[in-house]
Amino acid sequence: MAEVIMPKMGDAMEEGTLLKWLKSPGDEVAEGDPIAEIETDKVTLEIEASESGYLTNTLVEEGAIVPIGTAVATIGAQDEVGQAPAAAAPVAEPDEAPAAEPAATAAEPVAAAATNGASAPAAVQAAPPEPVVRADGERLRASPLVKRLATEHNIDLNQVAGTGPGGRIVKADIAVYVSGEKPAPQAAEAPKTAPSKAEAAAPATGTVVEMSRMKQRTGERMAEAKRDIPHFYVSTSVDMTAAMAFRTDTNAALGEDGGKISVNDLVIKAAALALRDNPTINRSYVNDQLLQHDSIDVNMAVAVDGGLIAPFIPNADQKSLGAISKLAKDLGRRAREGGLKPEEYQGGTFTISNLGMFDVDEFVAVINPPQAAILAVASVRETPVVRDGEIGVGQLMQLTLAADHRALDGAEVAVYLQSVKRYLENPMLLAIS
Amino acid sequence: MATTKRTARRGKTGNDAGTDSRKEPQVQLETEELISLYQKMVEIRLFEDACQRGFRQGKIGGYLHLYIGQEAVATGFLESHRSGDRIITAYRDHAHALLLGATPRQIMAELYGKGTGLVKGKGGSMHLFDAENDFYGGYGIVGGHIPLGVGMAFAAAYNKEDSIVQLYLGDGAINNGAFHEAANLSGLWGQDGLNPCLWILENNQYGMGTSVERATANTNLASKFDAYGIEHEQVDGMDVVAVIESARRASERVRESGTPFAVEALTYRIVPHGAADFLERYRTKEEVKKWRERDPIGLLEQRLEDAGVEEIAIAKIREEKQDIVADAVKFAEESPVPELSELTTDVYASEMHVADAG
Amino acid sequence: MPVMTYRDALRAAMAEEMERDEQVVLLGEDIGVYGGTHLVTNGLIDQFGPRRVIDTPISENGFTGAAIGMAMAGMRPIVEMMTWNFSFQAADQIIQNAAKIHYFSGGQVHVPLVIRGPNGGGVQLSAQHTHSLEGFYGHFPGLKVVSPVTPEDVKGMMLASIRDPDPVIFLEAGALYGTKGDVPEGDYTVEFGKARIAREGSDVTLVAYGRQVNMLLRVADDLDKEGVQAEVIDLRSIRPFDTETIITSVKKTNRAVVVQEQWRWFSVASEVAALIQEHAFDYLDAPVERVSGAEVPAPYARNLEVAGFPSEEQILEAVRRVLYQESR
C-alpha cells in the first residue's frame, strides 16, 4: 500500500489541518484525484492521490492537525481496503528518523504526536537563584575590582565608605587596606547565610520572631567567636564567706546613702587586680597577633531588651571598690535604658559575665572577641566545705574562665584563677589595693 | 563574424510559446548524440521530480527551485562547454551542476543537508558549487551573481586562458541594477577583448509570479543588451537541438573575440516557481498545458523516434535514470549529517578562526 | 627610516606589490587618468597601464562584483571606493557574495579581494558623504576589516591585505592622507588582529582606531600634565580582533574609555565594552565609557559637525568619570 502524506506546501510549513475527506475508504481513485482538503497557515488546498488504486484507509480524523510528512491515508488494491497498513499508527516510522534528523522541525512534531498529542517536553526547571541578603537591606555598591580585592584581602566592605557615584566603593577607597597601611576592617561574618539558615530551620508551625539589629549583631559576633576561637575552660570554686561578711560590714559602714557594694563589684575588682598580677591574660588576639593591653578595662555583660551589651570600667585595677560600684551601677542602668555612649562599650580588655543573681550552679561564656578570655560568674551558694579537716558550711561560688587557646595556655589561666580566688577569699586585699 | 540579430518585438510572451524564435535548426546531430542529450535531460527531470518529493516529505529544507521545462537550455549550452570555461548561474542550479559532472548523489545529499553533499551541507539547493568541474555557483540573490561572471570573464582574458564564461541569468534579473551595471562593464571591457562572456538569458516568462510584460515595457529582453553594445540573438529554448546550434556558434564567437555575446533562450518553467508556489494565480492551467505540449523532453523524444530509436530503448533510458536517481535519494537518506565542527570551518580561507573575530 | 605621508605609503604598497605580482590590478572611479580623487593612485596608470589600473564607470555594484569574480578566478584585485559612502551601492556584492562565497561553496572558492578607500568624515561633507563603516562591515563573518592610522601600518597592512586569501575591507583615515611618519624600508607586513600600544600608561586605558588614535595621544599628553598616565591602544584591526591586548591593559589600569567617530549603537566601542566586562569584570574600578558620534545624520554647518564628533573635551570628561575625578 502506498501512503499519502501531509505534504509540505511552503518553506516554513510544519503541519497542516486535515479539513475534510473528499474520498472514503473503498473509493477508487486515480493519480491526481483530490482526496482531502487541507489547510495550512497560508491557504486551503487539496491533497491529490499519489497513485491510482483504491483508498484503503484514512489515518486521521477530520480536523486533526498533522505534521508534514505524516501519512494521512493509504492507497492500494481493492482487496486491501480496510486492512491495517503495515504501520498502524498514523505517525512517522522509526526508520524515517535518520533521514528526518536534519529536518528537525519535521521530526519533532511527529514525535510529539506519537506521545498522544502531549505538548512540548517539560522544560528543565532551573534551580532558583540563591537570594542575596544584605544585613541592613541597603545595596552595597562597589566596583567589580573592589569586590575582588576585598575578598582577597579580607576587607569588610560594609565598613568602608564609598566615594564613587552613588556611594560606590572604588579602588582608592580601599587602597590603604590593600597596601597594608591600615589594618583591614574585618569582615563581620557575612550575614547572608544566617537568613537562609533561619529559613531552613524554621519549623512548620510557629511565628518568626523579628530579631533586633543588636541581637543580630551579637549573634553574628558570637557565632564567629565560637567558630573561630579555640575556646578552653578552667573552673574553680571560691569560698565567698569572708567576702560576703566584708560586703555586709562595708555596706553597713557606708550607711543608707553611701550606695551598696555588690558581689559583682567585688568580682570586678578582684578580676582586675588579678589581671595586673597576670598581664598575659589582659590581651587581645588580632590578625594572628597578640596585642598586650596597656590598661585594664573590664567589660561587664549586661542583659538588655533585645540583646546583650558589655560596657566597660576603664582602669578597673586602679579604681576603688566604691568607684567601681558607682560606675558599674551607672553603666548598667544606662545600658538598660539605652543611654550608653559608644566609647563606653566599644573597647575593653577583659569581660565578666555574671549570672549570679539568677541562681545558677555554673556556666561557661563565649569569648568577646578579640579579647583573650571571659570570666563566667555563678551564684554564691551555701555548701558543705571542708576547712582544716572539718566539715562546715561555706558560701561557694563557681568561676569558669573561657580562654582563647591561640593566646593563652591552661597553666596561665589556672594561675590567674588562683589569683582571683585569693583576692576574693581575702577581701581586705580588695580594699587596700 | 555575421550574427543573427533578432530584435523583433514580441507579443504576449507568456502565451506565444516562443513561436517567434522557432525555426528548424540546421545543425545535424548523430543519433548517439541525441541519445546522450536525452539521457542528460531525463536525468535532470527525474532528479527534479525526486527533489519535489523530498521537499513534500519535509526532507529537503529551505527554498527549492526546479528546472522542469527548462532542461534543454542548460543541456544545450553546456554541450559547448570546454574544460576551463567557468559557469555561473542563480538559484535554479541543479541541472547545471549535474551537467558539469557533479553526481546525483552529491547533489541530493546536499539538498538533504548531509555532510556528503556537494558543498558539505553548507549551501543547499541555491548554492551548488563544483569548482573542479568549472561550476562557480549557485547564487540566491536575483541579479547578484551577474557582475561576478563578468569579472571572471575579465580574468580569463587577462590571463589569456582561452576560456570563456557562461553566465546564466533569468528574465527576472534583467530589470535589476546589477544586470545593467555588469552588462555595461562587459560591453566596455569587451571592446578591448577583455570580456569573453556568453550571456545566457533563460527567459522562462516569469520572475517568480510576475510575467515579463508585467515587469518591463520592452518585452524583447535580448534587446536590452543593445544598450551596452552586446550583440545578441534569441533561440527556442525548448528545442535542445536549436539550443546547441546557437550555443556552439555563440561560444566560438566569444572565445575567439574576447567580446561578450548574449543569447535569449525562450523557455518555460512548467512547474511552479518554487516548491512553495502552489497556487499559481499568475498563470492559467491552459497556458501551462500549451507549453507542456512543447515539453523539451517530449520534443527530443520525437526527434529520437524520427531518427528510428525504438520506444523500448527510450523507456530503458528512463528506467536507468530512475535507478540512478533512486540511488541518489537512498545515498542522501543514509548519509550522515555534517560534523558539528563544520559549522565554523570555511568562513575564512586563511588560518583565522571565526572565534578570532572577538 | 624614511619619512612618508600616509598617502605615499599606501601607494608604495600597491605599486610594489603590482611589481611583484601581475595578478594585482586596481579598479575604481577616476583612479587612472584623473590620478585618483585623493591622489592615492596618482601616476600608477603611467607605470602599469590601463589594463591594470582600470578606470570604471560609476557603478559600484558592477565593478565590485566584477572584482569578486576576478578574485574567484585567481586574480588579486584592489577596488577603490572613492569614499566608503558609495559602498552601500556595492553592499550586496560585498556582504552577500565576497563575505560568504567561501562558506557556501563548502570551501571550494575563495575571494582574495581588497576594497579600500577613505572612511569617516570631518570636512563638512554632510549626511550622505559621512560614514564610519567599521562596525557595519565588522559585523559580517567572512570579511576582514582593518583601519590603520600610521604610515608604517598603512603600508604593512596594505601588503598583508593584498596577500590575504580573504576579502579585506581596508578603511583609510581619509583626513590623514597628508600626515607623515616613519616607514621601514623593504618588504614588510603588519599582521592582522594585533593591536598596537601607541602609548604606555598605568592609570586608564584609552582605545580607538583610525583618526581617533591621534586624538587620544593628544588627550594622553594633557592627562600627563595632571599626573594621569593613560595607555593608548590602536586597534588597527577590527576583524580579526585583538582582545588580549585590551584585556591585559585593563587589568593593569582598571579603567577604559573607548572612542570612535561612528555612532554608538551596535558599534565597535560597544563590542570593546562587552569584551572588557566578559574578560576583565573583576578588574574594573569603573564602568567602561564610550565616546562616539552623535546619533544623527552628519550635519553640514561646521559648528554642528564638530559638535557631532567626539572631541578631546568629551574624551577628557569620560576619563575623569572613570577616574572618579571632579569634572572641570
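Each chain carries a letter (A, B and C) given by its place in the written order, and its residues are counted from 1.
FYI, a residue touches a chain if its C-beta (ideal position, glycine included) is under 8 Å from a C-beta of that chain, and two chains touch if they have at least 3 such contacts.
Bear in mind that the values here come from a model prediction, so they are computed numbers and not experimental data.
Student: Going by C-alpha centres, which chain is most central here?
Tutor: Closest chain centre to the overall C-alpha centroid: C.
Student: Pick the pair with more C-beta contacts: A-B or B-C?
Tutor: The greater number of contacts lies at B-C.
Student: Based only on mean CA positions, could you tell me how far chain A sits from chain C in angstrom?
Tutor: 53
Student: Using mean C-alpha positions as chain centres, tell me how far chain A is from chain B in Å, no decimals.
Tutor: 73
Student: Between chain B and chain C, what's the gap in Å when you average each chain's C-alpha atoms?
Tutor: Inter-chain centre distance comes to 40 Å.
Student: Give me the residues of chain B that touch two or more other chains.
Tutor: 121
Student: Looking at the complex, which residues from chain C come into contact with chain B?
Tutor: By the definition above, chain C touches chain B via 23, 25, 51, 56-57, 59, 61-75, 77, 92-93, 96-97, 101-112, 141-142, 144, 164-166, 192-193, 239-241, 243, 271, 275.
Student: What residues of chain B sit close enough to touch chain C in their complex?
Tutor: So the residues of chain B touching chain C come out as 86, 88, 117-123, 127, 129-132, 136-141, 144-156, 158-159, 177-178, 180-182, 184-185, 188, 192, 194, 345-350, 352, 354, 356-358.
Student: Which residues, counting only chain A, touch chain C once they are in their complex?
Tutor: 143-148, 163-165, 170-172
Student: Which residues of chain C touch chain A once you look at their complex with the stated criterion?
Tutor: Residue list for chain C touching chain A: 254, 281-286, 324.
Student: Show which residues of chain B lie in contact with chain A when the two form their complex.
Tutor: Per the stated touch rule, the residues are 55-63, 112-114, 121, 274-276, 278-279, 333-334, 337.
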